[in-house]
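One structure is given below, represented as structure tokens, and several questions about it will come after.
Per-chain residue numbering starts at 1, and chain names A, B and C are given in the order in which the chains are listed.
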Amino acid sequence: MASYTISEINNILKAELIGNTTQKIEGPEEIRKASPTQITFIGSKKYAKFWPDSEACAALVHTDLDLEPGENRAFLKVKNVDLAMAKLLELFNPPTPVFDTDIHPTAVIHETAKIGAGCKIGANCYVGKAVELGSEVILYPNVCVFDDTTIGNNTIVWSGTIIRERCIIGSHCIFHTNVSIGADGFGYRPSEDGKGLVKIPQIGNVIIGHYVEIGANSCVDRAKFSSTIIGDGCKIDNLVQIAHNSIMGRSCIMAGHSGLAGSVTLGDGVVIGGSASIKDHTTIHSGATVGAGSGVIGDVEAGKTVLGYPAQDARDMLKQWAAIRQFLKKK
Amino acid sequence: MASYTISEINNILKAELIGNTTQKIEGPEEIRKASPTQITFIGSKKYAKFWPDSEACAALVHTDLDLEPGENRAFLKVKNVDLAMAKLLELFNPPTPVFDTDIHPTAVIHETAKIGAGCKIGANCYVGKAVELGSEVILYPNVCVFDDTTIGNNTIVWSGTIIRERCIIGSHCIFHTNVSIGADGFGYRPSEDGKGLVKIPQIGNVIIGHYVEIGANSCVDRAKFSSTIIGDGCKIDNLVQIAHNSIMGRSCIMAGHSGLAGSVTLGDGVVIGGSASIKDHTTIHSGATVGAGSGVIGDVEAGKTVLGYPAQDARDMLKQWAAIRQFLKKK
Amino acid sequence: MASYTISEINNILKAELIGNTTQKIEGPEEIRKASPTQITFIGSKKYAKFWPDSEACAALVHTDLDLEPGENRAFLKVKNVDLAMAKLLELFNPPTPVFDTDIHPTAVIHETAKIGAGCKIGANCYVGKAVELGSEVILYPNVCVFDDTTIGNNTIVWSGTIIRERCIIGSHCIFHTNVSIGADGFGYRPSEDGKGLVKIPQIGNVIIGHYVEIGANSCVDRAKFSSTIIGDGCKIDNLVQIAHNSIMGRSCIMAGHSGLAGSVTLGDGVVIGGSASIKDHTTIHSGATVGAGSGVIGDVEAGKTVLGYPAQDARDMLKQWAAIRQFLKKK
């Protein structure tokens, strides 16, 4: 396990060191759970009161807090505790799983696939015809990438993830376990006798930008024609559904269990809360936020926050909920 | 890439050709995104106004629209633009991923399994004891099919999908990536000391009819006893949950993130909207529709449309929502 | 197929045998679907009326019901029909899929992994560096377990499930197909130019207790630091999301499509209904119940039942729903 002295940590964080500790620090922990070899964080008064009884030898502390570290304990005073914490996590980030060999002999790689320099391909992967992997791409064991798909440099694909044919994936992406990219969109037409449903071919693909992260067991369907598009820097949580022909701008966030029905358009920096759903052919403009659990059935203006089902302006919705409770109390 | 002349396309569509184009057509695209080698579609006046500025060389156009194609551009006039579009997509449907060999040598197939004529089994698949695959079944790489399961002719199973033991799958089905068929139903009883939960064995199976499509990362649990049943022609989207002992009739539709709790019965042609949930032991009769995001807690009559949570008649629900907003505005 | 005489079955159930049948019994079935070689169950008057027309040769019958079995048919009278039924299902539980060899030669197992006595590891599994499996662990084909993870005795992991590095899994657990354990939590911070998002490393792990069952395609994310914890005896259904740093007590139940956002705490014996979501940093105390489809945005007291979105006391919520309908009817 990696361990650091308080001054080694401060070389990274460049904070204001108050007090000192001779303890070697092995990782971060919450203030009430920390052991003597751990560093904790105190972002507000609420947590300051736990410091005297905490076993932690050190803490990241907000500059505004008036607190003393005590004997053989140290504070690193910072303006932004969350940011300092993120840097601390990078410092203590343990190594990723090892590859004993770059391309595992059990991986099945089509002879026409192009594998960039420094790629790692794990056991039991499948890489199809004319697939192109950039440099330093990592496919963990049991990943499948189908024909004619390209993946940019430094993208990491975790086990169980399947990327279907003809998709275009950017660089520096992370796809977690059991993700489905490029499965057919959900499109049918009535059969000629009116009694059944006939599949509409889904001949498009999925285009994913750079620095996109997609959570475990999430799905991005291929387009009916043209492309389902996810812009650079989008972050998608677990169990999220992105249906065919949806288009996401840059740096959008979709939390767990949320979903876009077909042909939804998101601007840049849109935030979709957990379990929220967006009706097909709806546009949510840049900077808008959809509250958790909401159902959006109409376009949302840029920068607006909506809530509820059917979703409306969040303040109005909160007022309505309060008014209903108030009204019913009187009855 | 396949390309066609306008008259080759019209040989398929049998539409009314107006104007002409010498351009080779390489695929369909929306009217505002189309390039000169693409064909677009104009189903209503709303889109007709974009035609003069579109780069598309041709369009599928509704017969009722009064519009001229212009120089070296062509219209195919049709009564049903959506249906013509579906046929066009079939024409341009690109080839599916290749199998260099029908049964990949890394597939592990039990010696007692029966593999029909023309089956393709990809790399790293597992096919268990006494499994029977009909003819022309396709298992893409990394599929598992467990003991005593049978799969009908021409069914396609995409990578990452697991079909557990003793299930019966029809012909011409498509299961997309990372689907789970036949996992144990969710059933427990209190332990004898009342402090914990004891698993109830789930000894039934899953029976799936013909022409059923199941979306990526969806789940169909095996029955506690007897069978969980999905009727012919049902179409199930991504991330859908179908719990133990549910029974679906013919040609039902379940959109993304929707779910049936245990022992739900759907008639024929039932439509369940996205993220809607159906309480256990509920019956939704033939032709009924459940709106997106709804929670159904009681039986639904044939042909009825319900909405909301708890779900009620959709028109009533819409009126209630409007009335609440109206009432609260006055306050 | 296993079959038993009625007295063999009664040797297990130790019920009161009334009447008799010479029929060999091959399994359980509902009263209206049962064939002459099946046993059914009659827990209440509602089902008693179907007995005369049922083909079943035998039934588990509640002691309070006044009913005669008839010619060559038998009753096993019991106080708790559900419990007797569970025992019957155990009796008829068919064998699990076979392993022709304990450790399949296509499984890729790191030389430093420790595999306990009696483990079975299926085709195309991956077991990483320094993984430790207890005794009698079963990994079905196409499972991945990453570096330094430990799994306790008798735990069963179904195909497609991925367990990431450094997790600690208890004994006697069952993870169904395509489960994701230990994928990164969903954490970002604004980039320094304020235009994008930077990943916060997720350096913690997942700790899962004993006798935990996790349904197909569910996800348990690793902690940002420290651990996401699932207590002994928890039962988690399909497509459930458990976000980073959540902590579940003993014997909690989470139904399908439900989710815990980050840092949620559940006490012991908490029940979360289907599709319900819990806001981050919320505590739900022991014995509380969250109704299906609810959105919980504040702490819930021990033993309380909440419902709706935002969730409130279930009786209040039901009254509100009724009052709204009543009020609107009058208008």
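What to note about this one:
Criterion: a residue touches a chain if its C-beta (ideal position, glycine included) is under 8 Å from a C-beta of that chain, and two chains touch if they have at least 3 such contacts.
Which chain is which protein? Per UniProt: A, B, C = UDP-3-O-acylglucosamine N-acyltransferase.
Note that the coordinates shown come from a computational prediction; the quantities given were computed from them, not determined experimentally.
Taken as a graph of touching chains, this assembly is fully connected, with contact between every pair of chains.
The angle needed to superpose subunit A on subunit B by their Cα atoms is 120 degrees, rounded to the nearest 5. Although subunit B and subunit C carry the same sequence, what matters here is overlap: shared residue numbers make up under half of all numbers found at their interface.
Rounded to whole angstrom units, the spacing between the C-alpha centres of subunit B and subunit C is 26. Touching of two or more other chains is recorded for residues 106, 124, 142, 160, 178, 217, 239, 257, 275, 324 of subunit A. Those residues of subunit C whose C-beta lies close enough to touch subunit B in the complex are 27-30, 33, 82-83, 85-86, 89-90, 92-94, 96-98, 100, 104, 106, 122-124, 140-142, 158-160, 174, 176-178, 211, 213, 215-217, 233, 235, 237-239, 250-251, 253, 255-257, 274-275, 292-293, 321, 324-325, 328, 331. Subunit B meets subunit C in the complex at residues 106, 108, 110, 124, 126, 128-129, 142, 144, 146-147, 160-162, 164-166, 178, 180, 183-184, 186, 188-189, 195-203, 217-219, 221, 224-226, 239, 241, 243, 257, 259, 261, 275, 277, 279, 295, 309-310, 319-320, 323-324, 327.
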